[in-house]
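Here the structure comes first, spelled out in C-alpha cells, and everything after it is commentary.
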Amino acid sequence: MVNDKNSQKIVDFIQNWARKHSIWVLAYGTGCGAIEIPPTMTSRYDAERLGVRGAATPRQADVLLITGYLTVKTLKRVIRVYEQMQDPKYVIGFGSCTINGGMYYDSYNTIKVLDKYLPVDVYINGCMPRPEAVLSGFARLQKRIAEGRANGAQQYKDNLEWYRANQKKIIPNWIMPEYNW
Amino acid sequence: MVGTPVLFIAIPLLAAFLIPLLGMIWKELVRIVPGLVLTYLLILAVNLLVHVLAHGPVVEVIAGWVPPIGINLVFSVFSGFLVTLMIFLGLLVWAYSYRFKRNVDYEPALKYFLMLMMLITGSVGIVLTGDIFNMFVFIEITSISGYGLTAFYKGRDSAEASFKYVLLGSVASTFLLLAIMIIYSQLGTLNMADIANKIHLMNPTLKIVSYIFFVTALGIEAEIFPLNGWAPDAYAEAPGPVGAAFAGIVVKASVYAIIRYTFTIFDLSGAFNFLIIIGMITLIVAETAAIRQEKLKRMLAYSSIGQMGLVLVAFGFGTEEGVFAALFLMLNHAIIKSLLFFSGSYLVYNSKCKYIKEVNGMSKFLPVTSLLFALGAFAIVGLPPFAGFWSKLSVMTAAADSNMILIMVLVLMVSVVELVYYLRVVNRIYFFKKETAIEPKKPTFNALVVMIVLGVIILAIGFYPDVVTGVLHKASASLMDKSQYIHHVLSLRQ
Amino acid sequence: MEKVLLDILGAIVTFLVAFVVGMTYGGLNRKITARVQNRKGPPWYQNFIDAYKLSSKKSAIHHGVMHHLGPAFLMVTSVMTLLIVPVLSHNNWFPNLNFQGDLIFLLYIMTFGPLGMALGAGQTGNPNSAIGVTRGLSMMVGFEIPWVLALVALMIQYHTTSITGLMAVQAHSGTWLMFSSPFAFIAAVMALFGMFRYSPFDIVGAPTELASGPIAETGGKYLFVMMSSGSVFTFAKLTLYVDLFLGGADNLFILIIKTFALYLIPLLYSLVSPRYRTEQAIRWFWGWPSFFGLLAILQAIIF
Amino acid sequence: MMKELKEKIVQRIKANFADAAEKNDFNYNRLDFTVKKETIPSILFYLKDEMGFIHLSDANCVDWLEEGELELVFIVWSPKDKIKIFVRTRLDRDNPVMDNLDMIWPQLNTYEREFREMFGVQVTGLEAPDEFILEDWQGPPPFRRDFDTAAYAEKTFWERPGREDAQDVRETIANRDGEEIPDFAKKYSR
Amino acid sequence: MEMIHIIFLIFLGGAVLTYFSGKISKVLQDIFFLASVLVPAYLFFAYVGAGREATLSLGGITLIWGVNHFSWLFSLIVLGLGSMAAIYAIGYMKGKKRKGYFYFNFILSIMAMMGILLSIDLISFFIFWEIMTWSSYLVTIYNGHDIQRIGIKYFVFSAIGAYAMLMAIVIVHHLTGSFLMSSMINFYPNMSLSMQIWIPVMFLLAFGVKAAMMPLHVWAPDAYSNAPMAYTSIFSGALSKMGIYGMVIVLVTMINQIPQGFWFREVIAWLGGITAAIGTLWAIKQDDAKKLLAYSSVAQLGYIITGIAIGTELGMLAGLFLAVMHALFKGTLFMVTGAIEKQTGTTNFNEVTGLIRKMPWTFIAALLSIIALAGIPPLGGFVGKWMLYESLITSNHYLLVIVIFFSSTAAFLYCYKFLFGFFLGQEEKEWAHVKEAPAVMVVPMLIMAVMMFVLGTFPGIILKPINSGLMDLGFVDSFKHLWESSVILNVWGNHVVLQPILYWIIGIFVFFMIFLTWKGFKTTRYVSTKDISSSGEVPADDENLTFSVGFMQPFMRAVAPAMRRQIDKYYNGIADGLESLFEFIRRIYTGNGQTYTIYVIVFVVIVLLFKNILF
C-alpha cells in the first residue's frame, strides 16, 4: 500500500502538512540574533500560532535556527548539533552574517557563507532581521515544506563528501564522530 | 597403685633439693627430672582421685600424731581435683619450658626448675593440708619461689616487680600469722576440722577479725582487688610459662584456701555476700583496667585477676550450683589462661616491651600459635562451642537460681568489655600489617605440643563437657558437705 | 476467551478515548496559556499535529536497550492505570480491568513507568537526563505524601481500598467525597499539582536549564510514545480523581466536564506561579498539603 | 593632595627601581612607568605587596610595528589611594619572550594566553592549554599589525559573489519576489 | 543417629575438611565446600519433615532439635539462599586469599542458622546463636585491618544482645526449671509482671540486634558493606532473618498472652517503621553500593518487623512474605554488587558506570531485584507490600502506614541510584575491558531473579508454607480467606488477582515494545553514549560526563534537618566516655609498691569498720 504512488502522495501530503504546522525550533544563539527570538515567541508576535515552538535539544528539534555569525569554533558545534537532529530537519540562516558575513565580512575567524558548510533551507536577511522577518522566514519554510522542497537534509546526505571537505578545510583537527546515515 | 597424699608434697620437695645435685652429674637431668617427677605425680593423683571418687576422702596423718594435735593431709574430691589440675598444669609448664633458655647456660635452668618445683610443692601443700599453720608454711614456700621466679630475668623491671611482690607478700604473711595467732589464742588448736568444730565457741568479734585477716592475707595471693597490686607487674615481668603457673597454680591454691576458710572453717553468714562483693569489684576493676593496657602479658594478667574475681563471685553464691560453676570456671581458666600465656609469650617473644601492637600480623609467621591464641581468646570470653561457654552458662544459671539479677547484669557487661579487648588483640594478630621489625620466634616443638594439647582439651570440653562435669559435681558436693569433712578428719582420733 | 477478546476491545476503545481527550486537554492547555498571556496561541488540535509529526519522523536514535524500551515502560503504566480506573460507572464499552481496582496497586503501578523511563533516561548517558530524573524522583517522594495521606483517609473512613467501593459509597450517600471529605480532597488536589509537573513544579524538565531533562535524548517515535502516554496518563489521573472525589460519571460528556474542571485547577495555578527548586517543592508538599492530609485522617478517625 | 601622593609614589618607585622611566604629565589619578623587561616581575610584586596596588585592572599588548617592538602594558589599581599605574615594557618583536607572571595575579594567566595566541608572545613557564579562543588556527598571530585580515579571510573563507561591488541586494530581492519597493525605502537604495 | 545429627555432622566435618583441603588443592576445596552446603540442604528437604526430633545430652543439659512448619519456612530461606550463595561464592572467591577461612566460617554460619531454627530448647538456641555471631564476625573482618573497629562494633552489639538473651534464658530456667522453649511459653502468663516485661525485652534485644532494628542497627551498615559480598548476601538475606524468627516467636507466642502485649507490639511496630524510614534516608545518601544496600537492608528489615509486630494474620503473612522476598532480592543485589566488584574492582557509584552492555545478565538480575525491592508489580515485592499496607490499615495504624509508604516511595531514589550508578550512564573508556561475570556467579542470580518473578504471580507457592508455619504458631488457616494460589485478599473482601495483571502488563509492554522496535526499524539506530546532545560539544574519550557525585542532592537538602542527628554519634559518645572511665580505673594501679601496701591497709581498715554491716 505504501508502495502505491498515489497513496504515497497522500501520505506525503498529510505528513508535510503536519510537519509544516509543527515546527520545533532549536535556536542556536551564536550571535546578536538570539535577542530577536524572545519577542518572536512571546505575546507581541506569537510564533506559536503557526505551530512554531522551542525545542530544548537537537534530538527533538525540526529546525536549526542559526542566529548570527559563526566563528570556526561555533561552526564546529553547529555542525555537531545539526548532525544530531532527527530526519527530516531544516536549517534557517538568520541575519546577514550567515549569508555573506555581514559586518564581519573581513574578520579573520568568521565564516561568511553558511551554505558551504550546512544545507540552508531558508535565509532570513537583515542585520538584524526583525521578528516580522523571522515570521516571514518561518512562513517561507512552511511553504517549502508543504511543497516538499525543503530537502536540505537530503542534500546534505547526498553531498556529504563535499560538505565534509568544506568543513574540514577550516577545521583541520576533525575529532567528531562520523555522520553515519 | 594408690599412693598417699604425703607423696604429693614429699616427692616434689625432694626433687627440688635433688635437682642441683643431679645437675652436677649430668646437666640435662636438671631438665628431665622435674618432668619425670611430675608425670609420676600426675599418675598418682589421677589414681588417687579415682580412688577417692569411689571410696571417699583419704586423710593422712603425718608422723603419727592424730588430729587435732598432729598435722594431717586431706585428699577429698575437691582438693584432689585441684591437686590433679595443678600437677597437670605443672607438667604442661614443664613441658613448655623444657628447652627454656637452653642455649644460655645451666644455671638459669637449674634455678628455674628448682623454683618451679617448689612452687608446685607449696601450692599442692596449701590445697592438701588440714592445718592452718602448715598452710602458712606452704604459702611462704609458694611465695618465696614466686618472688624468685618473678625476678628471674634479673632486669630492673623484674626486680622491681619482684620487690613489690615481696612487699605485699610480707604484709600477707603478717596478717596470716596474726589471724592464726587469734585463732590459736581463742581455740587452742590449729587443725582445720577441729577449728570448724569449735568455731561457735569463739568471740564473734575476734572471729570476724580473724576471718578478715585471713581473707586479706590470702587475697593478696589470690589477687583480690585492691590487694593485687603486685600481680600485673609480676605477670608481666616473669617468664611466660611462669605467668601460666601463677594463674593456674598459685592463684588456684590461694582461692582454695579462701574457700576452705569460708565454707568449712568459719560459719559467718555474711561471708558469702562479702565474697560476692569483693569478687565483683575485682572483676569489674580488673577487666576495665585490662582494656586500656598496652602490654600483652599485663592485659592477660588483668584478665586473670578478673576471672578470679568471677570465681569468687560464683563461690559467693554459696550454693552447690555456684560451687560447681566456680570449679568449672577455675578449670577452664587454668587451661585457657595457660594457653593464652603460652601462645602469647611466643607472639611477643623477641620484643623488648611486649606491646600489644607488636603482635600485628603475626598470623603469617606463626600460624598455629596465632590460631591457638585466637582459640583461647574465644574460649575465655565464653563463646560456644568452646570450653569457656559452659562455665559461663553454669555461673549464670547459678546466679539466676540465687536471684542475683544485678550480679548477672554486671558480669555480662564486664564480659562485653573482656570480649572487646580480646578481639582487639586477635584482630591485630590476623588483620593488621606487621609494622615493627621484630623477628618472630618459631615455637619449639615441645611448646607447640603443649599448646595443641591445651587447645584440644578446650575443644573437647567445649564439645563434650561431660568429660569433666561429673568430677566437678562430686567435687562441689564434697566441698559443700562440711560435716563430712570434719567427720573424716576427726574420726581418726578414735 | 470471548471475555478476553472483549476486554482487549474495551481496552482499545478506552485507550483511544483517553488518547483523544488527553491530547485535546494538552492542546487546550496551550491555548489557555496563550490566551492568559495575551497571545492567540496554537489551535486546540496542535498537539495532534505535533504527535503525528513526531511519529512520522524518518529517523530515531537510541542509546541502548533500556533507552529503547523506556517509553514502553511508561506506556504500560499509563495504560494499566487507565484500565484499572473505572472510566464510566455503568457502561459496557469501558469494562476494563475493574477487578475491584485496588488503590494500593494503583499507587505502585503508577511508579512503574517513571522508573522505567528513568532507566531509559539514565542509559542515554546525558548528564542532564540523570539530573532531571533525580529531581523527578525526589519530587515524587514529595507529592506522594499528601496523596497517600488523602487516600488512606478515604480508605479508613469508608473501609475499602478499592475505587469502585468508594464510588459505591458516593452513589449510595448521594454526596461527593469532595464535600464529605473536604480535607482529603484538598490534599489530593494539591498533590495533583506535583503529578502534572506543571509550573511551579516543572523543574524536572526545565528546558533551558536541563535541556528538558529526562527526555533530552529522546526524539521521533520515542517522543511520540511518551507524549501519547502522557496524554493517556493525564486522562487516567483525572478520571481517577473524578471517581474518587466527584462521584464518577455516567456518560462521557459529564466525565469530560468534570475532568476538565479538575484539570483547570493545576493549569491555572501553574500560569501564575514561578518555578520552585526541588527541595522547595518537596518542602511545599510536606507543608500545607500534608497538613490537610493529616486533617483528613483526623476527620476519618473521628467521624 | 593627589599630587603629593603621586609624587611620593614616584619617589618610592624611583628609589627602588632605577630604570623606571616615569611619564607624569597626567592630570588624572594616573601614573605611568616604563621599565625593562627584567624588572617587570619585581616591580609588579613590589606594587602589589608593598604599595597596596592589589588590583590588576588590565594587561595588554600593543604592536609597535614601526619600532619593531611589542609593548606590554599592565594596569594596576590601588583601592586605598585611588590611583592607577601603567607599567610598560617593550619586547623584541621578532623574538618576544616574557616570563610567566600568574603567580602574582592568577587572572594574569588568561591575559598571558591571549598574548600568546593573538600576538605570538612566548610566555615561558605558562601552564595552560594551547588553544585559547582560536580553535584550529593555522595562520600567524592575528593581532599583529602586519597580519592582513582581509587577505587571510579571503583565502580561508568563501566570499559570497555579489559582495565585492557592495550593491544593494534589496532590488534584486524585490525583483525576484515580484515585490514593490516602498517609496520611503527607495531613498536608501543606490 | 537421627538425620538431624547427620546434617550437623556433615556441616561440621565439611567445614573442617574444607578448611584443610585447601592445603592440598583449590579445586578439591571448592568441591568440599559446595558439598558441605548442598548435601545437607538436600538431606534436609528430602528426609527431614515437620515433627522430626533429635536429642543430644551435653553437660547435664539435654539439647533437643526438631522441625516444625514455622522453622521449616525459615530453613527454606537459609538453605535455599545458602546454596545459591555457596555456588556464587565459588566464583566470587576465585583467586582470593584465605579461601579456607572464608569457607569455614560460611559453612559454620549456615550450620548455626540451621541450628537456631531446629533448636527446641533455649540452650542450643543460644549456642548456635553465638556460633552464628562469631562466624559471621570472622567473615565480616575478612577484608583486613581497616575494619577492625567495624567488626568489634558488630560483635559488641551482638554480644550485648546475646548476653541479654542468656540472662533471660537462665532466669526462665530458674523460674520453670527447664530450658525448653515450650515450657517458657507456657509458663509466661504465670510470671510476675516485671518478668513478663523484662524477659521479652531481653529476648528482643538479642533479636533486635540481629534484625537491625532501630536503635540497635548502627552496626549493620558497616558490617554488611564490609563483609565479602558472597557472604553478605546470606548475612543480610538469611542471617538477619534469625532475628525475625526469634521476634515472631517472642511477639506471637509469648507477648500475645498478656493484655499489655498490645503496647509492646505497638512500640516494636513503630520502631520498625522508623527503622525503615531512617534506613531509607541514609541509603539514599550513600555513594557506595555496598553501603547503600546495607542501609537498604536495614530499611527492609524495618518493614518486616512492622509486619510481624502488627500481629494480625495478614500482618504476619506480609512480614514473612517480605522476609522471603527480602532474602531473594537482597541476596541477589549483594551478589550483583559482588560480581561488579569482582569484575571492576570497585563498588563506588562515582567510579563505575555504564556496565549495562558489558554485563547484561547481571543487569537483568539487578533490574528484577530492584523492581521487586521497590514493590512494583508484577514482581513479588508488591505482594508483600500490598499485604503490609492492608494489614496496617485494617489494624488502624494510620500514621504508621504513612511512614512506611514514605520510606517505600523514597526507596525508589536509591533503587534508581543503584541501577544508574552501575549500569547506566556514560560508557567510560576506563571500563571498556569489563566482561560479564563467570557463569557460576550469574546463574544463581538469575535463578533467584526468576523466583521473584514466579512469586509475584503465584505468591501461593510461598504463602502455603508460611500459612502452615503460622498455623503452628496458633493462627487460623488463612487459605481461601486471605490468599489463594495467585490471589490475595483483604478482610474487607477486596482482592487482587495477580495473574491477569501480569498478563496485561506483559501484553501491553510487548505491544509497545514491538511498536517501538518495528516502527521505522531500519532508521532506528544505536549511537554511543558519547554521542549526546551536550550543547554541540564533543566529549573526548577520557572525559567523564557521568553525573553521579551528589546524585540525590536536592532530596538530601529537603530532608537535611531529619538527618542531622545520628544515633551512631551517641553510641560513639558512650564508647568514648567508657574508654576514659576505664583509663581512670586503670590508673588505680599506679605501679608503686607503697601505694599498693596502702591499699592493703585501707582495705583492712574499711572492712574492719564495716564488719558489722558485712557479717
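The letters A, B, C, D and E name the chains in turn, as written, and every chain counts its residues from 1.
Note that a residue touches a chain if its C-beta (ideal position, glycine included) is under 8 Å from a C-beta of that chain, and two chains touch if they have at least 3 such contacts.
Values in this document were obtained by computation on a predicted structure and should not be read as measured data.
Visitor: When every step has to jump to a touching chain, what is the lowest number of steps that links chain C to chain E?
Guide: Minimal hop count between chain C and chain E: 1.
Visitor: Given the touch definition stated above, what is the smallest step count connecting chain B to chain D?
Guide: Contact-graph shortest path, chain B to chain D, evaluates to 3.
Visitor: Name the chain whose C-alpha centroid is farthest from the C-alpha centroid of chain A.
Guide: B
Visitor: Farthest chain from chain E, going by mean C-alpha coordinates, please.
Guide: It is D whose centre lies farthest from that of chain E.
Visitor: What chain pair has the highest count of contacting C-beta pairs?
Guide: Result of the pairwise contact count: C-E comes out on top.
Visitor: Go ahead and note the Å separation of the Cα centroids belonging to chain A and chain C.
Guide: The answer is 35 Å.
Visitor: How big is the gap, in whole Å, between where the Cα atoms of chain D centre and where those of chain E centre?
Guide: Using C-alpha averages as centres, the distance is 68 Å.
Visitor: Averaging only over C-alpha atoms, locate the centres of chain B and chain C and give their separation in whole Å.
Guide: The separation of the two C-alpha centroids amounts to 79 Å.
Visitor: Enumerate the residues of chain B that touch no fewer than two other chains.
Guide: Nothing qualifies.
Visitor: I need the residues of chain A touching at least two other chains; which ones are they?
Guide: Residues 57, 59, 76, 87, 181 of chain A each touch two or more of the other chains.
Visitor: Touching at least two other chains at once: which residues of chain E meet that condition?
Guide: Each of 523, 525, 528, 530-531, 533 in chain E touches at least two other chains.
Visitor: Mind listing each pair of touching chains for me?
Guide: A-C, A-D, A-E, B-E, C-E
Visitor: Taking the touch rule as given, give the residues of chain A at its contact with chain D in the complex, in rising order.
Guide: 72-73, 76, 99-101, 105-113, 116, 125, 169-173
Visitor: Which of the residues in chain D end up touching chain A in this complex?
Guide: 133-139, 142, 147, 149-150, 152-153, 156-160, 162-163, 169, 173
Visitor: Which residues of chain A touch chain C in the complex?
Guide: Those residues of chain A that touch chain C are 14-15, 18-19, 21-22, 24, 42-43, 46, 48-49, 51, 53-57, 59-60, 62, 86-88, 181.
Visitor: Which residues, counting only chain A, touch chain E once they are in their complex?
Guide: Of all residues in chain A, those touching chain E are 28, 57-59, 76-78, 80-81, 84, 87, 175-177, 180-181.
Visitor: Hey, which residues of chain C end up touching chain A in the complex?
Guide: Going through chain C, the ones touching chain A are 30, 34, 37-42, 46, 49-50, 52-53, 56-61, 207-208, 210-212, 215-220, 223.
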